[in-house]
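Dropping the structures in below, format is structure tokens.
The same chain A turns up in both complexes below, where it pairs with chain B and then with chain C.
Now for the complex of A and B:
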């Protein structure tokens, strides 16, 4: 269904473009400009030269690369067997694996890090038991290892989910052909299955790389400062917004993020992964023999225990008074929850407000962009899609610094004070970075709505707006709600932008509250209690979105070609 | 579905205007103090002055200074409330504080030899703090570590890998601890002690709070902390102990009115409240455990509560905040370049030195002496640190590209030298005969 340029849609597209320019492109450009500016408006590479001269910066750079790469490798080791098991074998642990895929994502990595100190730290439960019985300890949480450990357990689901989806789409005839030629086991996996599933793997792995490379909260909670993101944060907060090195780091973070994304895209594009027949006959699920079953369950249970440890640790922290140099905490109490409800109701409310509004903004923008890209012939409409995709690669830290710089001194109307000191900035920052998730959901939903339905509506006299409002949006509802929930739950755990943008405690969302509580001894319990509440909200949201997505899928299937 | 979305929208729009509804005056307080302290003051103050609203802006001291500096006149927060007096000196020098003079007349002018309020009237002491050692009793027992009494004890091999300290650039209170040691022991000896202590440390934490946190949950044995961290942890039931060593200084934690704020009168109201009988009593709360500046409050304190006015805490050092302020950025940077960022190498050198001592069983060795000198000497001497040109360079505006570059070069020079010294020290110590 092709239509001519419509002034209404064109102006909506322009408005969205302007929004993205002001709140995504301009702040990032300001950061890049500052990194290359000599202070008098001229171009200079001097800041990069100073960066390269400072050995701490070189070290931070190397450390960040090391942590991100190691995390990708370890996450692969955990995720690949799990993905292969679910898709190719017939066995009952599949539900456990699906749970594994979601559990870590409901808790922000930095929240889990605090709990994991008490379990795996120098004097954590595991090391105390090891020392008692075997006389040695494992430095799991020391320095960079600790960051790698926490990040791996948090982010491996990205690889698991993408790889599983990719594996499921492989035509079974390829595997059968290989088997007929005598390949089996490891060889079959290495030579045929894995290469065919590579696009999914690369997508997941590059995402993990970006997320870990940019992460600020986890290193900060673990006291690791010799990495790029913490260095940028420290420079900009303690030296000041004028420190050029902070901006140089930001440019490096952006370059690597975009590089990793572009690289994965190029890699998939370069090689032909297309199969003659796709998604046809699902490979018959093979059965595992006794030993294999034992190994599979062993792996699943082991990973499940690791993945659950921060959740259990956080719950224990929130329910007990003292946890010090002992395997288990002591003195049960509900006082921490009472403290949170007495002092921090505002933060819970702020999270609901900011993330709710941001998610709402996201689905409105997402629906509009999806409609413009898929249903109009507006010239340059793909640009909106590309711009939004850029937001996916944009580190929260960089956007936060960009906002502080670009909008410094911007006053809001009606005497609401400075933009950077208002709650609106959170809504905008969350909305911009979560827009890609909402857009994907909306695009997918709109693709499933057959254009014939809209034509039918227009044939009986409905105008374009009426058609969108009464036909398109209701049919997209499932996808829109899924997009809303995804945006909401990912924003609820955001910490990088949040730390930078929080100018007053009364404006702070829960994630900042947790970070703040963790900064005092009496606050550890309440911080954990607030963390448990945040996890509960996010878990509930995830559950609802799964239910809704499941409910929406069969309803739309009749429209698909 | 649409109906529910609409509902959400309506609720969101209604909610959106709620933050605007607050009327009366808002007092913004920039502070490095933990949430339980700020929450207690917020509650008590707002109960007493229902039309005022207290906004807490929690930042570590260095970030707090940077924040105030970057706000335009008229938008600045009202009150700055933090431990380190030198941070207030930095703010006063930058003309960011209003002269408010001393407050409550019942508060004595001096504690020991140290003035409670700023003699120039820019800030007031709000609570007193001493620096000391905190340890986890379970950790000490399990690892057979003896209880320390003095800073100097901590350089011994028995403490290797059991200590924790923060860095002055990240924590104003640690900066004070370091300055106290430098002033109490002298520049060269102070740094020697500092370096040896840090060489024994398991970690240099990101925030001053990382130390008491790690000690109270048993990750580290002993931490160098400001007293209330230790006292609050102990009073909250953690298995920890706290002592003041003799080289400590009792220094006020301060509060000041920021120049160019929106509602100075309301800010002043809060400052006076914190110094009133009511405001001072809050300090005694179990999870706050700070030392009031109002001596009459100690009568209400539980038994065993330290009282700096009773002469029980021996403070040998008369802290010179002008000296501290003049080399503020240099000490910060030296600590980071020599210790924070080169901690791994420093620890390796320290370990090699301890090992050599054990091997040589007290026998004198020129290599070992040389190794100690290399590992535990400050990178510049006191004269160089008081050089005005160097001090000016470290105080220069960050947008000054030339100064930034020069400073980066100086710092890089320190870092490279420190790294080479540690490597050489480790090498000498392991081959010492």
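Now for the complex of A and C:
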């Protein structure tokens, strides 16, 4: 579509750009600046040198790398067979695998971590059984092992979903040609199938690496502090906002995140994955023989049990009085829920408010950016897309610290107090980091709306704004709803930004409440109850969005090109 | 390697309730270039994939070189297949693509190198060893696919619509190269196509398929001159086809057709039974020549003319029917105008009677 520069569009784009600059670019730059600044405005590497001289920092760096790498490897081991099974074989367990793909994501990793202690910890159910019957225990939840275990079970779906999508896109003749030339089984998978699915795998694996490397909540709940993110948090909260080592850690986190993203992008681009055009229909999926079927079901059931364990554990924790040094909890009670309803009503409301507003802001920005990028010829419009993508690589911890530093002393109008001490900061922080998800949904939705539908509206006399309101947005409804829900769900489980930005308890959302409860043994029950409520809200949100998306679907009968 | 034959005996296959192949019987001779010709959905590709081992038949048997391969997985059959979209692996170089099957056979490295070179030389792509498939043209990709398949020295070569992704000019050239290659190697080759011209020009024999059934097997000329039924008559070449009844009129027969009206057949034209159609090819129709002797005589009016270079294709209205007639073009000859009344004649020897 050929259109000139439109002043309305340009001012909207500028406003969005300004918002992203103030709340994404500036805080990150402030963090980077502080890490390299000698305090008098000069450049220095001294802070990095002192970082390298502290043995705890070196240890934390090595630990973070170890945990992220090991998690990627273990998540690969879990996800690859599952993805291959669903896509390439005739198989009844496909529904179970799809469930496996979303189940872990509805509960934040740090929430599940506490429940995992009770099941797999030193005196948890599994080890008690092992000790009584076989006289040995497994140190599954000890130190870094625990972090790796919890993160693996939480994040393997990223690899599963990306890899499955990549596998499904491979033309079946690629595999058949290899079989025709004499390859089968492991050789076929290793030489042909997996290399062709590599783009999806790399995308998933790099995401897992970033998420785990930056995670703050899980190590803190498991009391593991000799990792980078907890160290940054502890430095900034205990020594103070002026301590340069915290900023050095932040720069390292950002560098690794951007490095992993850029690396995966470079890797996929470097190789020629351009697939030859599809010929004919998808070949029938292969059948499994008896032994293979047994192995496949064994794997799925095993993973399903592990994945469900934090959910079950959390539910049991919330419903029983005592659960320690016993295989199963004892004394059923509803007292934890009563406590939560008495003490934490405000937190539940805060979560709904912050996450609802943040998600709303995300879909408004997402729709506007998608429209500007895909439907206008505004110079530099791709910059908005790239800026938002950068947010994907920004650790919440870094953004949180950046906010505290950048907006220190900023007063809001109308006597609303300091920005960093108001509820508004949560909405903005959540919105900025969730914007990439919302934007992807909106872009996908708008791509499916044929430009001719808009041209038809303009042709019969509707102006641009009326066309957007009456034609574009209604046709994008499904994608907008999906974007809203993804933003809402992920924001509700956010903990890194949350613990940094919570200045007083009355402002805290549920995730903070859960974290706080988990700090003490007595708080485990109420914490679990609050966690169950959070999962319920997230599950309800997902369900409602599916309903809404299904209801909106008939309106989307336009050209799906 | 000595060429081997392929025998298909009473093969039937269905996907769920859909019967895709019904009682297929074929005896393909060693070294033969054999085509499976039919429209899309006729089951020709399914039959080819079945020989390669990608589909499993429920009844009957498939023999390659006299050995029953039913139940043998694709990777143990040693029948090379060239896919319609070539299926070159984009993450491997041309050389790696060609070496793949040899590596799967655990051949020594030195021998692999030698065979890859020979295979690429065979298709004139020796210099492209280190390129990626994405850097090659469509025609080159196809030759790599053939080299990759021939490198493993398969007993049988299967070609699935190998020319359909090439543009018209390249298609003719590649077609001729394929024929030369096949004649040189003497490898038993089965070629799937929906294009009758491709099949007629390349193959020793053709099996015409429709709706999962083999309609007729024969040499190109047999199919064209003696189509076994209506489907073959219409699918191989163009044809004028009329249904009607035959009534005796003295020594001769009168053909009574709803469309064509009533026409007297030449004395030598003898339909084998009464429920067959009358058929003749457009090029057998002589336009503007009154019939004398052993001819079918018709008269009508020119309705439309198409100039195709070598010949003029006339649509001529005869009663309710439309008869197609191809008349060779000579320089300077003007086409007959629409509305011109013309006499048509068809030699008795060119008349065919085809059943259902």
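Definition applied: the second predicted complex is superposed on the first by the 540 of 561 C-alpha atoms of A that agree within 3 Å, B and C clash if a C-alpha of one lies under 4 Å from a C-alpha of the other, contacts with A are read in each partner's own complex, and residues count from 1 in each chain.
Here, a residue touches a chain if its C-beta (ideal position, glycine included) is under 8 Å from a C-beta of that chain, and two chains touch if they have at least 3 such contacts.
All values derive from a computational prediction rather than experimental measurement.
Enquirer: Looking at the overlay on chain A, is there a clash between chain B and chain C, or do the two fit?
Expert: Overlaying the two structures gives chain B and chain C room side by side.
Enquirer: Is A:409 contacted by the first partner chain B, the second partner chain C, both or neither?
Expert: In the superposition, A:409 contacts chain B only.
Enquirer: Identify which of chain B and chain C touches the larger number of residues of chain A.
Expert: B
Enquirer: Please state, to the nearest 10 degrees, the angle that the Cα centres of chain B and chain C subtend at the Cα centre of chain A after superposition.
Expert: Between chain B and chain C, as viewed from chain A: 160 degrees.
Enquirer: Is A:240 in contact with chain B, with chain C, with both, or with neither (first, second, both, neither)?
Expert: first
Enquirer: I'd like to know which partner A:173 touches here: chain B for first, chain C for second, both or neither.
Expert: second
Enquirer: Please work out whether A:181 is in contact with chain B alone, chain C alone, both, or neither, and reply first, second, both or neither.
Expert: Once the two structures are laid over each other on A, A:181 reaches chain C alone.
Enquirer: Of the two partner chains, chain B (first) and chain C (second), which one does A:192 touch, if any: first, second, both, or neither?
Expert: second
Enquirer: Using only C-alpha atoms, work out how near chain B sits to chain C after the chain A superposition, in angstrom.
Expert: Distance of closest C-alpha approach: 41 Å.
Enquirer: Considering only the contact definition stated at the top, list the common interface residues of chain A for chain B and chain C.
Expert: Common interface on chain A, chain B vs chain C: nothing in common.
Enquirer: Sort out for me which residues of chain B touch chain A in the complex.
Expert: 1-2, 5, 8-9, 12, 15-16, 19-20, 28, 34-36, 38-39, 53, 55-60, 62-63, 66-67, 69-70, 72, 75, 136, 138-139, 142, 169-170, 202-203, 205-207, 209-210, 212-213, 216-220, 229, 232-233, 236-240, 287, 340-341, 397-401, 404-405, 408-409, 411-412, 415-416, 419
Enquirer: Sort out for me which residues of chain C touch chain A in the complex.
Expert: Contacts found on chain C: 15, 45, 52-55, 73-81, 83-91, 100-101, 104-105, 132-135, 141, 145, 148-149, 152, 165.
Enquirer: In the complex formed with chain B, which residues of chain A make contact?
Expert: 38-39, 44, 46-47, 50, 53-56, 59, 117-118, 121-124, 220, 223-226, 230, 234, 237-245, 321-326, 331, 343, 353, 356-357, 360, 408-409, 414, 416-418, 421, 423, 473-474, 477, 480-481, 503-507, 516-524, 526
Enquirer: Using the touch definition from the top, list the residues of chain A that touch chain C in their complex.
Expert: It is residues 171, 173-174, 176-184, 187-188, 191-192, 195-196, 198, 271-280, 283-284 of chain A that touch chain C.
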